[in-house]
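Order as written gives the chain letters A, B, C and D; numbering starts at 1 within each chain.
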Amino acid sequence: MISMFEHIIPLFELVVVSYICGALFSLLFRKFGSGKPFFIPTIIGSIFLIVLSLKVIIDGSSLHFELAPDNVFSVNHFLIDGIAAFFLLLIGIVSLSVSIYSLGYIKEYIEDKHVTVFGFFFNTFILSMILLVSSNDVFSFIVFWELMSLTSFFLVIYNHENESNLKAGIIYLIMTNLGTALILASLLLLSSQSGSLSFESFRLSSDSNSAYVKNIVFILAFIGFGTKAGIVPLHVWLPYAHPSAPSNVSALMSAIMIKTAIYGLIRIIYDFSGVGSGVTDNHEFVWWGFLFVTIGAISSVVGVLYSVVEKDIKRALAYSSIENIGIIFIGLGLSIVFLSFDLIYLSAFAMLAAMYHLLNHAIFKSLLFMGAGAIIFRTHTANMEKLGGLVKGMPWTSLFFLVGVLSISGLPFFNGFVSEYLMMLSFLSSYHIPDILIAISVGFASAAFALTLGIVLATFVKIFGISFLSKPRTDIIYRIKEVPHTMLAGMGIVALICIILGLIPFIGITMITHAFNLQLPPNQTLFSFEPILSEFGASNNLSGLSLPIVLMIFVSILVATLGFLYVVGGRTKQRISETWGCGFGYFNERMQYTASSLSQPILHVFRNFYRPSLAIQSILYHSSNSYMKESVKIQISNKNIFEDLMYGPIISSVFKTYERTKKFQTGKINLYLLNVFVIIILLLVYVRLSP
Amino acid sequence: MIGIISSTIRILPESFLVVSLILTPLLGGILITIFKKKKLVEIISVLSTTFILFLTFFLFSYIVDFKKITLFNEFFYLDSLSMIILLLISFVSFVSSIYSINYMGKQYRDGIVDDKHLVRYYQGFNIFIFTMLLVPIINNMGLIWVAIEATTLVSVLLIMIYVKEDPIRSAWKYLIIATVGLSFALIGTIFFYYANIHDPLLPVQPEEDKINWTNMLENSKSMDPMIVKIAFIFIIIGYGTKAGIAPMHTWLPDAHSESPTPISAMLSGVLLNCALYGILRFHLISSGSIGAEFSNNLLIIFGLLSVGIASFSVLFQKDMKRMLAYSSVENIGIVTLAFGFGGLIAIYGAILHMINHAIVKPLMFFASGKISQKYETKAMSKIKGIVTTMPITGIMFLIGGLAIVGLPPFNIFLSKFMILSSGFSSDHILASSVLIIFLAVIFIGFVRNLVMMSFGKPKTQIKNGELGNLSLVSMGMLVAFIIILGIYIPEPLDILINDAASIFKQV
Amino acid sequence: MIYNNILIFLSGTLLIATLVLVIKREFSEWIQAYKYQTIVLSIMTGVIGYITNNWEIYLAAIITFSLKAVIVPKILIKVTEKINYDFKNETTPYISIRLSLVVSTILVALSYFLTQQIQLGEDVIATSFLPVSISLLLIGLLVMIGRRIALNQIVGLLILENGLFLFTLSLTHGISLIIEIGIFIDILVGIVISSILIHRIGYTFDNIDDIHQNRESIEYTEEDD
Amino acid sequence: MMPIETSASVSGVLIGIIQFLVILVLAPLLTGIMRKIKAITQKRTGSSIFQTYFDIHKLMRKDEVVSEEASWIFRFSPWIIFSSTLVVALFIPIFVVYSPFGLGGDIILVIGLFGLSRFFLMLAGLDVSSAFGGIGVSREMMISSLIEPALFLLVFIVAVTYDATNIDTIVSHAAESSVLISASLLFSFFGFFIIVMAETGKIPFDNPATHLELTMVHEAMVLEFSGKSLALIELSQSIKQLLLISLLINFFIPWGISTSFSIAEMFVGLLAFLLKMISLGMLIAYIETKVAKWRLFRIPDLIFLSLASGLMGIIFLFI
């Protein structure tokens, strides 16, 4: 049906126009409709985008577009192939739900004078991501990459009167720009080899590049895109930027923006480097995959370790993004490692796992950030120590949040489980790797991966348990109301997708296989997933027992148990009573476990990593008796080993360089003249001595 | 549109245009000396710069069609390259003259300058324009040197308008170092002249037109390579001192930060380019004589050095105008580097970058001038929340800042990208990679300060509100150009830049 | 080649005059030495004029003499009349006088070395005066580098300017008049402006080292509002 | 990639259900037996081995007390915990290796379902906002997050050795193979044993028999449950224990298990299973009497031991 309209509706143009309308309406109609003009064009645009990308994925043909009149570079073609369409679909889904959510969420800011700016940058941010993914030459790629960074930067510092947000924004912008510099270098290096800025020429010349060039391109791109993706140790901006931004923006950034970096890496590795094309010796690139796996494993463990001790919900979610990006990196790395040993099906399988996890992360992380936004919307705090008991006031929000939590923890019947299952299968197949050292390292990486999963469960038990369950820790929560319907609808859409993708993974797998099949020329069989599709496919025997059936068994057991219990035990009554407080008469919220104390055992186990320091200040009733204390203040602070050990020395060495350059600027005119004197003598002597 | 105007103006002979172009600022200076009333003086200066701008546009349309103008027995020589410099001079002086009214008016009201100094300022302003206008249109390289030296002297006087310690100190440094530097430039010029007239077999025969650039270029093939090399070294050091190329740039941060803001804008936006123009002319001759490699390498080395030193100096800078001054060093370095890369795209990018910088830097200086008037300090640590206190200025300042660090969709991104891509594709991969690193460093330094100043919560004692509308008009024009040139290069300009770049290609 | 000896003799004289300039510490003594150097330079100009038989060079010699040996010293003496003793006398130069003499001789040798490769042909004037003029330039720069007080920067600048003049003349045997006049005017205006500046420095600054104050390292603190 | 048996029959389903019922019935018995053995080794008489059945039956008929702070999570979680444990029970072979349930019988799904029940147990512990819940949850968070990687590594070894992730395929391959086909299995067995001890709350990890704040983990989380909910939790705990032990048995010492549907073989299989289960139970009970409860923060050392043996196993796997 979709293809019927193919020639009638210029979908891509409509997408672009809708987002531009959104941006312009935001600037024009501030007073009108309390934020509706900001997001309604966005919603329409996202629907168009979803249709467009589905069309490309299903049809299996790439689409070319031309937008602006020719500029100096005369390259402004856009190309949407399978890979791009897959990422566009993600952008479409997330931006659809986030925009619907924002219709309600914007009420938080609608009184601000500069709320128009928010709408403007919100729309341009999404648009720049769309165009980034569809761009087909270095120039437009870099332009939209920079625009994406810039617009998201402005969204991060939207609450700019708060100094810490400003600092977060600056760190973000600086880190992302350093990354951009490397990306630019790597792409330009490629273009210097191919002689053109167009991606087509990269594809054509990919086989002829020497391995040396490819390695340099790869390492530049890896660091450059890795900065954006937030891999350890380049992640420093992420835990600052994501919490500073308004929650809908955090959702966008975490769910799709950091994925664009993965997109770039996939392009460079699979598209422009000729890996797997059969022409070059793939074995040379095994270290790429190895690097991916190593960095991915480190990122996932580090990310989740920081996440579990965090008190701020949004920071915890931000760290969890680092962890998930790590998992995706592991998957990509496994895919490259397999590929370099010519294990093509396994490589495709690992790629599938990585992409499925990417898809899932986009979905459930946007859900979780929106949920966190809903909490902030009502309570105006993201600090878990001040929350609790939200489940009573905000039943729907908490239900959706629970879905997100279950998904991200990788529990069965939710989408996180599927991708983690696929990841584990990829790990298990690592015994096919002929190189023992690499195989063992992959085994160790699998330990890191599993450790991550274990701690993720703990993290989200903590997040959900502390903020939604138990007794409210502040009074405001007793009077709390559910968030507006639009916000619930936004969350509901992605929550539904979480469940669908969790129960019927066939959908996601087919989509990914289609999307990534397209990218290859017909003579390659790199991504053909047929052998593993039967794993989840609906077949007529028990070996094809799929998740919906397991769920049905689950439910029927539940019902049967219910019946059995009442048959055996008979009807019993329920009595509502106070929680048992060890017999003390009054029970209050301060007697509960706090977020920090909940994660304290983990902190203790990994104390060499966190390096916590304890500061106890006690005020005594009387100085002579040190046992009678009026109040005790305990402060636990963790040292950030990356900021201390890595970024500290870098910054100080840069500062030293600055001090050195300052020596040129002593203020003494004599030394200034000495510069001139020395340089002229040097040059003259050079010319005199040179033949 | 331009076609219509040019056809109507074609009636005027180009000799008239050129002569009146030079005489206008002189006349303006004289009239200002006569009238001396604040209002009148301001109007005269704006009128004179407007008139200059018009004349430049007419000349522009000539050049686009006929590529070059030669007048009065080759005394004046205009080609596309000089047209670009001319365009920059007239445009920047036009916006500066508008901005000056508000800025100097505020200084006048605050009692920082008195009547005498105000008149002296406007006199100096016009004479400064006069001396700069001479540079690109004269053919005689000796006289170009005279004109550039004259710009130094006039600008020193303009910096000295404020009788305070810091301006005097920086004026002194500027004067001494620029004079020394330019002395070397003169030596280089004479060497080139000597190479032109020199024939080892015949006694030296001084011929007047042999110092003309056109003549030198014609005879460049027969020049003695050794002399040309030595000469070019003197030239690049001499004019490089004036152009703020490291390590001879040391006077620049002082001079540019202490002068009155409109003058800072002129110094950074145009004067540096004028000096660079001198280098480029000799670069052409040297390339014609001994091939481009020697001068290209020198340009690359000096360019990289400038960008490197400037980028690290910006990092922890505390004074707003000094930061901008270092950024000028950086940008001039980029332009120099790009000319050194050679190749059509690199030179196109270099010229575009020159233009872009001349648009963005004045905007930054204008905005910073207003900001420091508002906050009564140049210390960046004390400036917070400009977008709250002065929304329009703040946004313009932000746009300028983002443009200057090379973010799209603003103009400098385009030229930087061209330069980098041409650098990578022209076997200067190492230099381009180093450039990328330096650009990232300068980005860090610049953006950190920019954001901390623009946003945040301003101190309570600062009232919200803009200072003067005229200055906003001048800044608005610059912002418009920043955005337009970031997206699209108008065709006449494109032709002009292409012509100018092809001058380099022919040699 | 009778000229050859005269020219070499004259270059020697000029170099000696320059070295005398280098060792002077007091401003008034220095002005005298400068006068002598300029007179030698004017004579050399005259000789060049005689050799090349060019009236413009005679004119240049006259202008040089009147401008540099008469007007400039007058202006400088006038301007510095009221200036504090500390501002006029070099008591603690960065490069000591002895060292700068040694370096000056090295620079002379260096300039001969550097110009050796330039093929000057049969031109006697150029061959004998070009190295001298280059060494004058370098010595002038050296003086500027080595001296602490602002006034002595002008000393160096003037030496440098003389070298420049000699260089132009020896190499080109008289560049076109309009350029020369331009150069002269520039120099004159430059000297005037620097005198004004010196004058201002004289009453604005309390201490000679203030001129070297470094803006870069000035800290902006919260207190100095 | 993974060989999956495709034939299916009604009898397969039937056998699955029978094994499921066996588990359901045997689980409390195992708990009782282990308690009895422990009592005997401690020179006590101990309660009857059927005491667990009586307890559960009694709890089912009791009224419930629910905390006023509790939300629906608290009320629902016993059901979810119980159901997810039973779903696992449906897929785990006891005495017959024939239940090719595809994904259903996948070891990773089993781990996932255990995760699901643990997740809700922890949420329920936090929901009542008592400090005990917090204590239990925070300790459980620590222990479970470390058990997870260890378990995965051990499963990794088993799965790679027997070339499958489906439990039945693994077990049938194991049953066909000779004793200890790979050294890494030994490491895996050792590690798995530690995990089983930890997961079932045995000394030195936990002591469910006491309610002492210093040591308790599992009991602290379920402190607020009563009546039917408590019965479900207790029962699912027993079942989980049996499931883990049967996994241990069938992965590492599967010999004797029936590989066809003949009644005789199945009977032998059941007997062999009972024998192995009781001897393993005796071993565990013996360890419990010999070893003292470890300090909470020494427990990770033990789990790391299991993790390390898993890593060693992986190294041996590839060498």
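By our rule, a residue touches a chain if its C-beta (ideal position, glycine included) is under 8 Å from a C-beta of that chain, and two chains touch if they have at least 3 such contacts.
Since we're looking at a predicted model, the values are computed, not measured.
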Two chains joined by the most C-beta pairs in contact, as defined above: A-D
Chain separated most widely from chain D, comparing mean CA positions: C
Intercentroid distance (Cα basis), chain C paired with chain B, Å: 30
Rounded Å distance, chain C centre to chain D centre (Cα mean): 97
For chain A paired with chain C, centre-to-centre distance based on mean C-alpha positions, whole Å: 68
Centroid spacing, where centroids are CA-atom means, of chain B and chain D in whole angstrom: 79
Multi-chain contact sites of chain A, meaning residues that touch two or more partners: 662, 665, 669, 671, 673, 676, 684
Multi-chain contact residues (two or more partners), chain C: 114, 117, 141, 144, 153, 211, 213, 215-216
All touching chain pairs, where touch follows the definition stated at the start: A-B, A-C, A-D, B-C
Residues of chain A that touch chain C when the two form their complex: 662, 665-671, 673-674, 676-677, 681, 684-685, 688
Complex contacts: residues of chain A adjacent to chain B: 69, 71-72, 138-139, 142-143, 146-147, 150, 157, 160-161, 163, 166, 169-170, 173-174, 177-178, 181-182, 184-185, 188-189, 191-192, 195, 197, 654-655, 657-658, 660-662, 664-665, 669, 671-673, 675-676, 679-680, 683-684, 687
Footprint of chain A on chain C - complex, ascending: 94, 110, 113-114, 116-117, 138, 141-142, 144-148, 153, 211-217
Interface residues, chain C side, partner chain B - complex: 114, 117-119, 121-123, 126, 137, 141, 144, 150, 153, 157, 160-161, 164, 167-168, 171-176, 178-179, 182-183, 185-186, 189-190, 193-194, 196-197, 200-201, 204-205, 210-211, 213, 215-216, 218-220, 222, 225
Complex contacts: residues of chain B adjacent to chain A: 172-173, 176-177, 180-181, 184, 226, 229-230, 233-234, 237, 241, 246-248, 250-251, 253, 298, 309, 312-313, 315-316, 348, 385, 387-388, 402, 407-409, 413-414, 417-418, 420-421, 424-425, 429, 432-433, 436-437, 439-441, 443-444, 447-448, 451-452, 455-457, 487-489, 494
